[in-house]
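So, here's a batch of structures to check.
Shared between the two complexes below is chain A, which pairs with chain B and chain C, respectively.
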Partner chain A sequence: MAIITISRGSYSKGKEVAEKVAARLGYACISREVLLDASDRFDIPEVKLLRAIHDAPSILDRFKHGRQIFIAYIRSALTQRVKKDNVVYHGLAGHLLLKGVPHVLKVRVIVDLADRIEAEMHRDGIGKEEARTLLIKDDQERRKWTQSLYGVDPWDSSLYDLVVHISKLTISDAVDFICQSSSKEQFKTTKAYQQKMDDLAIACQIKAALVDPFFDVAVTSEYGNVLLYTRLSDRQILKLKKRVEALGMDIKGINNLEIHAGVPSPPNAV
Partner chain B sequence: MSIIIISSDSYKTGRQIAERVAKAMGYDYVDREILETVAEKHSTPEAKLMRALDEPPSFMGLSSRLRNQYLAYIQEATLAQLLEDNVVCHGLAAHMYVLGVSHALRVRVLSDPEDLARQMTSEKNIAPEKVKKLIKKQERQSKRWSTDAFHLNETDPANYDLIIGLSQIDPDEAVKTITDTVGYRKFKPMTYSIKCLQDKELASRVRVALLERFPDAKVLADGSTVVVETRALKREKRKRIEAIKGLAGEIKGVGYVEVHVINDIFRQAAESYR
Partner chain C sequence: MEPLTFEMILVMLMIGIAIFLFIAEWIRVDVVAILMMVSLPLLHLVTPKEAFIGLSSNAVVSIIAVIIIGAGLDKTGLINRLVRPVIRIAGNSESRVIIAISLTVAAISSFMQNIGAAALFLPAIQRVSKSLKIPLGRLLMPIGFSAILGGTITLVGCSPLILLNDLLEPFNLKPFHLFDVTPIGLALVGSGIACFILFGRLILPRGSSEGPEEGTQPELQHALEELGEPYELHTPEDFTDYREPVRVDDLKRRYLINVVGITEPPDFKVHSPTADMEVRSDIEVLVYGRAKDVRRMADEEGMVLKDDLEVFKNDVSETRSGTVEAVVAPRSPFDGKTLNQINLQDRYRITPLAIYRHGETYRAEIGDLILTVGDAILIHGTWKRLKLLQEEASLLFTTHLDVELMRPEKAAFAGFWLAVALTMIMFFKIQLSVSLMTGALGMVITRVLSIDEAYRAVDWRTIFLLGGLIPLGIATEKTGTAAWIAHAVLHAIGTVEPIVLLTVIGLLSTVFTLVISNVGATVLLVPLVVNMAIAANADPRMAALVVGLATSNSFMLPTHQVNALYMGPGRYRSVDFMKAGLLMSVIFIVVMIGMIYLIYGV
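Moving on to the complex of A and B:
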């Protein structure tokens, strides 16, 4: 009864670890499914969503907010999946997109660069230098992405509960560690934790519904009581109110919706 | 029959876990207590050895040369202890120089950020709002210290087999994970991994013997053969080789000494302008 996120670089054996953990615990194993859900629900091509969550933002992105919009869609799709519990997510940025959920076991799996190069050469039939360049570029993109959107370095071990280096330790050792840790009391889904997860899912759904064009609206939810924080002008707020009224009908689990204009949003807001 | 090396972002947390692991496994525990013996042996103040383990060189603090000298003393003493096997080592930077020894399990334990902040507030008697800044500063300092001294980033996860964050995982569980892991076959000593450690220990003894006269000397050992690399002017080459062979040859366990002298182009350039 837990949620496990497995963060990894490309060719870092994270997928194998995730699949084996899910199989042993009888959990659902998700990654690309989240992008497909978001693509279906918000009618955006999957490739655009993948770029938004993988490639480093360009200077233009900082003004267009397109990336924030796509990430809100992905986060909404992810929380909808994860709130059902018993899930292993090994897609991108799970530990950041599910920030604030207490019973998430955050794991990172790392592999030496030489082994990753060999795996890429073998799978894609390319030379050593090309494989090395591609992997380093990929790592840089991920680093820039996380730093620009969340201000943290994905290689910072303090973001995770467990970092397993697959070199002397094997995939099956990593699976053992993860399964052992996930069975502990602190990662079990209690009623209170499930409520927090449901609240995050509601907040993410509202954010996704409003983010285009109200990209700077921040949302919190507590037991279904939703607060929207904004710095919009009075005219814009009227438009926002109209949208919000319609939303109350569409999204399940909302008890009450309030707009707080001109108030700074709390750090846990979506 | 293994070695467990524990590193942490907080000395107190690391020590707490390391002691418990040693107790659970029935292993010897090696920590900064050995610095007293090191200080006596080399007639150096213990406080300075401690600083060499914590602070990067600075204008007001230790010079780069002194820091390297002190670290070499510590390295020699630590490796001698690790040779005895069945050891848990903490607080002596062993994770930075025991590389390539397959029966050494290297673990990093990260404190719960809130606990760390509380620890600092009480230990250093500072306001809670300043603690965050201090933690960031210490992180930067630790990165600088490790890259300066060992050309490795201490915070890089690739330097460890396992990293455990204590914000969600409790210390009992961390201890259990470490003791279970060290039981894996990969961490059992083999002839080759024991030889690797013996080579490192011999190299560290030779380095300490050469330190005073040749502080830049790099030493590698393979069995009883020792290879020393140093920089010198062409005209000093023969003398230097003889001196190094003389000093290193006296060390127990050294059979053959090979010296590689690299031309010191900077000194050569400086002397040509005189």
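Moving on to the complex of A and C:
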């Protein structure tokens, strides 16, 4: 009865750990499925979504809001999957996309660079230098991505509940730790926690439905009472209202919906 | 045409900045005026003396006096006494009510600030609407428009007209007398009312969906329906076992219900409990909310919903507590603040239930919403505490509370001093400011209102707006900018008949008054149009008069204070104003030009 996110660099054995944890606990193990869901639902090629969530934003992205839009789609798909509970997510940025959900066990798996280089050489059949360059570049992209969107460094261990360095500790040790931690009281899905998760899912769904073109509308939901925060002009708000009215029917669990214009959005808004 | 000098460019730049700031509203309009007051002498466009001459001008002093006289009339309940017979005469037909109240409001508005007249009548109209079962939306707009139109009946009716003679002074034009505009004003009021009587069904919103027959207690009832009824719930003995503490605020955020009463064992009742108060086991809770939400709360939180009120039965009665609707009035200290900042709960122990704005009801997290003029707040509390709030006078209560702070015994004095002021103006031809200040002083001396109350009544925003824009007018005139623009405009439109010119001026003033304030529009346009008229061989006084009148032609947008005030209680949307206002504005221009043509034979 928990949600586990496993964050990792490429070739860091995260996938293996995740699959083993899921198998042992009998949980669903998801990663790419989220992108496929989002790609299906919002009719966006998967590769575009992958780029949005993987590559560091370019200068151009500051002016276009494509990335924000894609991330809203991904987040919506992820929360839909995760709210069913008992899942291990080892895709990108799970700990950040599920911010605000109290019972998520956030794990980071790290592996020495030398081991990662070897793994990459072995799998892709490339030279050592090339593998090293690719990995370092990849890490940098991840760093820039999280820093530009969330203002944090993915290597900051305080972002996680558990960081496991797989070197002397084996994969199976890591699986033990994670399974043991997930059984702790604080990661149990209580009614209140599930409500929070459901609310996040509702907010993310609404955000995804509105984000194009209303990318700066922030959404919160508490017990299905949805609030939209915006600084749009009055005319834009009329358009937003029309869009919201059309959408009310599609999304389940909305009890009340209000647009609060000109009010600063709270930090937990999506 | 004269060449454009550097000073002219500077003046135009300042006008541009002023207009831009008026529209953009980065800073408040009166602050823009003070900015002008300070920057014009710094740029050597006016002398330092001229920069502040506005504050001691005839117009500004007259406005101060008019506001004090209006406050005096209000304090003695004279206006309220006027309302009663009016309503009796009106009977119970919608048209007659509109005609009777509109005429009265127009008459009052002709010698006090329009917004004052409109605000005074709001509670009375509310009562009429309730007792005669006419939706408020069908009454307020005609009456609000009449209040604006009534301002054109006398030269002291609205700020632009008070200002007019001062603006004519530099041109050595003959000033207007108090009642010079009266025929035009009366025609405008008449046509305004006629417009609503004839076309009211087409241009006024349908009112609430119930239609006139069921609209018994229109807006408060309507809002209450959305908010639900009082319900009493009981918490079981194991309510607090194995769970996080549930607070009053949690229930509000989760279920959008308002806890207005809670019992404390053994037998103590807390009214309007604070947000952080914990809901304990084995107690009774009184909440306001929609049935659906209350049932959901009872289910999810494990409370027992009672069929009827039991413990709180006597507390919800007419005599102990209730729900009122209060509107954020112009100049209210609440304007621009949030309910969280005002903290009604702690200060008065009353509970704001919902905010009604531009046709939308806000129920969730209303503490964060930034209040603006015209927002209607639904508040629940004991009558005693609600009265305390009313006494603070930050909110205009549209629900009547039987609270008497009035000095009805002074009504005769108030009426007397108004008559004195008007006599001085009409028969002794004493200057407006002196006559009106005499009336105001008389009221203070005869204790109709105290001098402190008089000071408090004055709207300093209007005073500085006027005082600060007058030097801009002086600069426009002194540097020859007005003449230059006038020539340029005339050059562009070619030679036209004076009547066409006046119509163009009327349209121009209407546009200006919709985007910037009526005072700002008057100050900027009068020097301009006087020059235009002189250049086109038309009567410059008439041109100025058109500006003075047409700056009251502000119906299409809820930018006029009166419209802003009535928007909330009337449940109007901007589009309602556009629909009715467009017709009204066209009629206004036609009637105004027609009357000027008939009377002055332009």
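What we mean here is this: the second predicted complex is superposed on the first by the 270 of 270 C-alpha atoms of A that agree within 3 Å, B and C clash if a C-alpha of one lies under 4 Å from a C-alpha of the other, contacts with A are read in each partner's own complex, and residues count from 1 in each chain.
Heads up, the rule we're going with is that a contact is a pair of C-beta atoms (placed from the backbone, for glycine too) under 8 Å apart; a residue touches a chain by one contact, two chains touch by 3 or more.
Keep in mind it's a predicted model, so treat the numbers as computed, not measured.
Three-chain overlay on chain A, with chain B and chain C fitting side by side and no clash.
Of the two partners, chain B and chain C, it is B that touches more residues of chain A. In the superposed pair of complexes, A:Asn86 makes contact with neither chain B nor chain C.
By the document's definition of touching, of the two partners only chain C reaches A:Leu227; chain B does not.
Contact with chain C, but none with chain B, is seen for A:Gly262 once the two complexes are overlaid on the shared chain. Of note, the Cα-centre angle with chain A at its vertex and chain B and chain C at its ends comes out at 110 degrees, rounded to the nearest 10. After overlaying the two complexes on the shared chain, residue contacts for A:Gln194 are found with neither chain B nor chain C. Contact with neither chain B nor chain C is seen for A:Ser10 once the two complexes are overlaid on the shared chain.
When both complexes are overlaid on chain A, the residue A:Ser31 reaches neither chain B nor chain C. Look at A:Gln147: by the touch rule set out above, it reaches neither chain B nor chain C. Contacts of A:Arg108 after superposition on the shared chain: chain B is touched, whereas chain C is not. Taken over all C-alpha pairs, chain B and chain C come no nearer than 17 Å in the superposed arrangement. Once the two complexes are overlaid on chain A, none of the chain A residues touched by chain B in the first is touched by chain C in the second. The touching residues of chain B, when paired with chain A in their complex, are 9, 102, 105, 108, 110, 113, 155-158, 160-165, 167-170, 173, 177, 180-181, 184, 186-187. In the complex of the two chains, the chain A residues touching chain C come out as 192, 222-223, 225, 227, 234, 255-256, 258-260, 262-263.
Against chain B, in their complex, chain A makes its touches with residues 105-106, 108, 110, 112, 155-158, 160-165, 167-170, 173, 177, 180-181, 184, 186-187.
Looking at the complex, you find that chain C touches chain A at residues 244, 253-256, 293, 296, 338, 360, 362-365, 368-370, 574.
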